[in-house]
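Multiple structures follow.
Each of the next two complexes has chain A plus one more chain, namely chain B in the first and chain C in the second.
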Partner chain A sequence: MDLDKVKQTFILEARELLAAMEEALLGIEEDLNPGESINAMFRAVHTIKGSAGLFGLDPIVRFSHTVESVMDRVRSKQISLDPTLVSLLLECHDHLASLITSTQEGVEETPESHEGSQRLLNQLIPYLEGNGVIESTPVRVAAQPSGASEGGWNECWHLSIRFGPDVLRNGMDPLSFVRYLGTLGKIVHLASVVEKLPRGEDYDPETCYLGIELDLDTDADRQTIEDVFEFVREDSEIRLLPPHSKVEEYIAFIRAMPEDERFLGEILVAGGCITTKDLEEALRTQKAETLEDGVIHGRLIGTILIEDQAVPPPVVAAALDKQKKFQDRQAQEMKVVKVQADKLDRLVDLVGELVIAGASANAMAVQVHEPRLLEATTIVNKLVEEIRDNALSLRMVQIGDTFNRFRRIVRDVSQEMGKSIELELHGGDTELDKTIVEKLSDPLMHIVRNAIDHGIESLEVRRARGKPDTGSLSLNAFHDSGSIVIEVADDGGGLNKAKILKKAVERGIIREGAELSDAEITSLIFEPGFSTAEAITKLSGRGVGMDVVRQNIDELRGSIELESYEEAGTTLRIRLPLTLAIIDGFRVGIGTASYVLPLDLVIECLDLGPFLESEENHLINLRGEVLPFLRLREIFRMPGEPPTRERVVVVQYGETRAGLVVDRLMGEFQTVIKPLGNLFKQVRGVGGSTILGSGEVALILDVPQLIQLASEPSSGLRRRPATHLPPTHS
Partner chain B sequence: MLTYHASQKDHQPILSLTGVLTIYTVAQARQEIPARLAKRKAQVLDLSGIEELDTAGAQLLLWLKRDASSRGTELALAHHSPAVVEVLDLLRLTAAFGDTILLSPPSPSRSHHGS
Partner chain C sequence: MAESMQLATRPAQPPATRGEEKVANQFLTFSLGGEVLGMEIRFIREILQYGGITEVPLTPAAVRGVMNLRGAVIPVIDLAVRFGRPSAPVDRRTCIVILEVEEGESTTVMGIVVDYVREVLDISDTEIEPPPTFGNTLRTDFIRGVGKIGRRFVLLLDVERVLSAEELASSDPAF
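Then we have the complex of A and B:
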């Protein structure tokens, strides 16, 4: 059914709104100007409540109504948003999320969820107005004879609303505004204006013709009342007259309205704003003036408000600005199309095949020497390249969403640990492949938890070390020469090398008395079964932390670097390829075989001859820089003699460079990575395979591994140890 | 969903509406109701089955009413369901419709409300 589809949209939207709410809540404590965040939260709950109402999801409506009321009081500064309330609202957020989830599963309310709602609602009571009576359903406004309002006739706000024609189509119901106004105060008088409702065939059932004149006795301020209409303000005409307005102001107001003056005047009289005598007099004396002025007089709401001195000009400007921002955002939202991830994956797969097929066609065209064919395939190739880039960019997502989830985690975890931690996020707009982002979130979680648990010290230790009470943790993402770097840095105690060594010996990971460099010691924490936590806590210390992290990162063809200073902090750097599927390759030849290097990692190419520094130690002198090199011919045990002029391809990964000696340079080409089977997992230096245009298979070289091989002190190629680690017992 | 049911009571044809009369159903209802009323020459619309009414629905009812009177006939709305009463009350539209609303429990101000 159509309604089901709409409901799905509601669920999706609700999720997004909840995410926004969570983000706002988490950011609010550091926010210097939390007004916008509070508004965002309020809007989120308000919208969820409204949409839930459309689907008759009463449990959600009931629950969010109370949350909204509390937020509204926060917004109007009647109560302050202290950490306790933030935590409570976060719980409410979680509960709302679970309500939405059960809605998706088709369950409206379970005894548990009801109990959960009730429990949270009880906790919210103290934050509610008055003696804390929760109104479980929107207040139904009882008919109130106009004379009954004691305390003079000017006590009320007069609201005049002409809803825009598309209000109903946009999913808004004027009724809900009236109901909501009823919760802000007492509706003393109300009149529906239905004069615009056409007769006969002109009537369009989905157009809104309704207008409302309403007197509201409330303590709420102008902003609060205006905000009620936030979502319809754009295309509706809304006028507010504050209490104690002068008779002339009411008259000006009446004249500004499109309806018959008499008609509106009577409404105002009925609502007790002005007396009939006032009305008669004012209308008579000002009639002539009206005619002179023309009809346009006072039609602009902003002008009226300022003329009435109802609001100072800056407020109007601010409101307009806000309205515009809201519009912009809406426009932006309209441009987004949601596509299922597997469709995208399929597309990228196909583009991959297309790249191979294109390369093959191109190779054939070259062989045939047919200029026109060559011309055609060149164009095709160029287009394929563009399609590839576009298809891949479709899969790119910003890492910001993943980062933002850590706000919550850091908050929860640090509370649990009794540590005060500030999280800084940088580079949230860095884009990377969706698959990578997904696979990255678990390892990042481990790392962040580790940093909080083991990295950042307890308060006493921090004070003793002269550090600020609040620990800092930062997540940072940026692009760096063809890869993405994600840093997790803390200002904690750093890695205790002695402790690590001791533990590693205990666990039999290294031999007693082994000489290890600092980098080698720190990398021990990535070994399986290694955990230094003295006490096993709930968060980490299960010994399945960092080795799983490394495994996950390895699977993404990434690498981890650790930089740690004792008592000063640790920075963990994850380096990842931009994408998993397709790379720009650089083809080299050894003997009869072709190999492919990722082009991003290639720095330069040169002849080996004059640079040779030391054949023995495999070092070349590159313009004064000592560069380790490897002969791929040796690494891959290629039979036959090397050519007289060998070439060096200088590659760089991270901070380190190395030279790879090959027989031939064969140029750039675009290639699709095909993963190697499990059988070849142990083969070092090879990251994947690809099919060349000619149908031949070429291996894609794993440059990071090769660089590491080349950098190892005794040039590991002869002994080829089984792991990256320094020699151990084994 | 909105369903229509034609019946007769005291030799008077009646069209009964059951379900929701909201923005989701008004477009169809705007076609169906006049057609069905005309076919049966019914002048009574029974609203006892209306479970939900929104502004769009209220507008439609008002339009039907006015449309009938502009063609010289009269359309009576009867047996307002609580959902209908709530909306008409909220918008203070009872007078604009001018139909007698019978309710249980009856509210004294409303039950003699015809104008």
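Then we have the complex of A and C:
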């Protein structure tokens, strides 16, 4: 019995449904035509209720039933969805989510959760009033009883269930479905179908051979009944026949059939349009024609049925349409495959190894000068490159989902702060490595909360400054030269430089009277223990804010830029690498060691000699542009003399360019980034390592840090080489 | 890589127990600067010939560099320098002992450079004396105890202490 596994599926699905519900709720306030969103919400709660019922999770069933009833009244426009109700429903969403979480932890109900349910239910009850008991949801059009006296031969739903052979193995008890159906209404008649049951030794006790035909007298709608079979729907055949079926209704019925691939004839029989006899005859005709022709082209059953006048053409057309729709739908569903994240990570790891092994084979082929071998390894490497790109793209996810979560946060936080804020989202389809997206959500949360709390001013201040009452906050994501940029912009008060300076002196971060550039002042807010909020609020200002953000971004090999205009707003720009695992590298040599630069950041390579502008100030003249440079040999305090012909690699990161002086240029190659571990955390200028084709380890240079070293020689904030090093050259 | 990953996830073996009351631990003994030292075998993953080390600039002197252990990049510690002695010249017997050290939640795999590896010895707890408090060239907190083997003595190292990543990273950079 692997019920746990099925339960996991339920939990996973419930989470997705809840996410859909939240999104719908948040969208509704701006939605001019909220019908679809309301339906989506209703369906979500409804499905959760149905599935929870299967597991006997009564607290969830009870609670979601009431929520569903309220939503149903919204759906049928008996009550309107005002902001208060939206807030209440959002709370219900949160509560449902917490119920699901405790289910996952194996706790069905705690006193707190019971209390929570009760409190929310009490709030929901007023919305149900006017109709007393709302026990059943309205029956949908397809199953609408029309002229109840007609076709009185069938007051009940007829259910035809053929369980799949694996139902028992999947941990399902067929009886539990019958039992649950009993809670929806009265089971009038039940017959078990055991024709599939084999004799004697062919019988496998773990295989399910059972089928059930039953008549159910219920007010529940089709969806509710279908949902009972949620967990066996895939491999079982479930057929529903609504009560009071009339000829015209069959068309509608066929359209509304459960999505089960089945033979057209069977659809018609199940729909009651034709009898089994009609079908048999039609089948016989088709078979006969097939035999005559000797080929299986015959006439389609649909054609036979019409020509033989078994069913009117519109019914067949509807059934065919239905079949086609099902196929289209199936094709669409096949486009998405859910894969466990760790399997994907393992694949990417292996591809990483493959890249290294490929590079080493190639290096070997070059060494032995065997053209055919070289050709073969070149082809292999090309394929490996493609596999790498594909494997990495598997891990890419759109940042939109992360962005969407901020709708809720901005809504809640701004309400709490009594500020009116509009959130704009751009570039939600920008793709980022899954790991990065996951690690990004916390820092982004911090930044957004900061923007709402400290950035956007109170209404009075905004009016005094002549700004619109509603503050604006925007999240924007886009690609920019080999990295991804995520911008958080607000139109708030901006950073108050005088205040920052004062605070930094108070907190002992800088000395009194220190001369700092604007950029240096704004970057002070990223220093540990810095917080400018005069009052510590619930949301931010615990002094663990921005330095943690910076740390998180650093760990992702990213950087933060800050642009702020007093009284006009702040834009925070996070720049991140596309992926964490593999990069195209450019290898350079210094002495006997070799280092790797990320190729994306390399602009060009030149000889130092002709471009040298000033040795003392470490400047080169690049066709009129003066760039700072630094000698890696000096920075890394390498022993030995530089060669007479030194090379410069011009690198660019963000807006800054600099030259890195090295001994040798060794060309491009693909490389897998290997972390260096805690021991090397404090090493500046080295970001990671990689394994060369020869098996040797090469260090990957951290270009942003090096550029910082090269371009800000006077900043007193960061750790730097303790002494000025004498220039070493011949 | 597959192999090394498997090894990496394997938990450190508890000390081998033999009999009820007499608990024997196995120790790997090795030579460093003419002295015989030992460490518990449960930390040790493998022993490799010296080679393939890449220096990392601006690191403490005790950090010899990094090496490629079947696809994983691991740090290599110069044990002599860690003990405040001059680094020994590399010869054909110089070895890198690969160890797995747990520190808090995480497990670190690292290599240490030793002059040469001697043998594996069984030393029961009753034959281990507490470390002497003076007369040592080693920091006393680096020593777990002194093992008696017949008439010889072996200094048994406290591996976790000696290879504490925190302490290694914060020691003075090499100049």
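By our rule, the second predicted complex is superposed on the first by the 408 of 730 C-alpha atoms of A that agree within 3 Å, B and C clash if a C-alpha of one lies under 4 Å from a C-alpha of the other, contacts with A are read in each partner's own complex, and residues count from 1 in each chain.
In this section, a residue touches a chain if its C-beta (ideal position, glycine included) is under 8 Å from a C-beta of that chain, and two chains touch if they have at least 3 such contacts.
Being a predicted model, the structure only gives us computed values, none of them experimental.
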Partner chain in contact with A:L90 - chain B first, chain C second, else both or neither: neither
First (chain B), second (chain C), both or neither touched by A:A376: neither
Which superposed partner A:L459 touches (first chain B, second chain C, both, neither): neither
Partner chain(s) touched by A:I691 [first = chain B, second = chain C, both, neither]: second
Chain B versus chain C as contact partner of A:L190, first or second or both or neither: first
First (chain B), second (chain C), both or neither touched by A:M666: neither
First (chain B), second (chain C), both or neither touched by A:L599: neither
Touching residues on chain A, where the partner in the complex is chain C: 349-350, 353, 356, 593, 635-638, 674-686, 689, 691, 695-699
Residues on chain B engaged by chain A in the complex (per definition of touch): 23-24, 26-27, 29-30, 52, 54-56, 59-60, 62-63, 66-67, 70, 86-87, 89-93, 96, 109
Footprint of chain B on chain A - complex, ascending: 3, 56, 140-141, 143, 163, 168-169, 171, 173-175, 178-179, 190-192, 194, 197-200, 203, 205-206, 208-210, 212
Interface residues, chain C side, partner chain A - complex: 1, 52, 54-59, 63, 65-68, 71-75, 106, 108, 110, 165-166, 168-170, 175
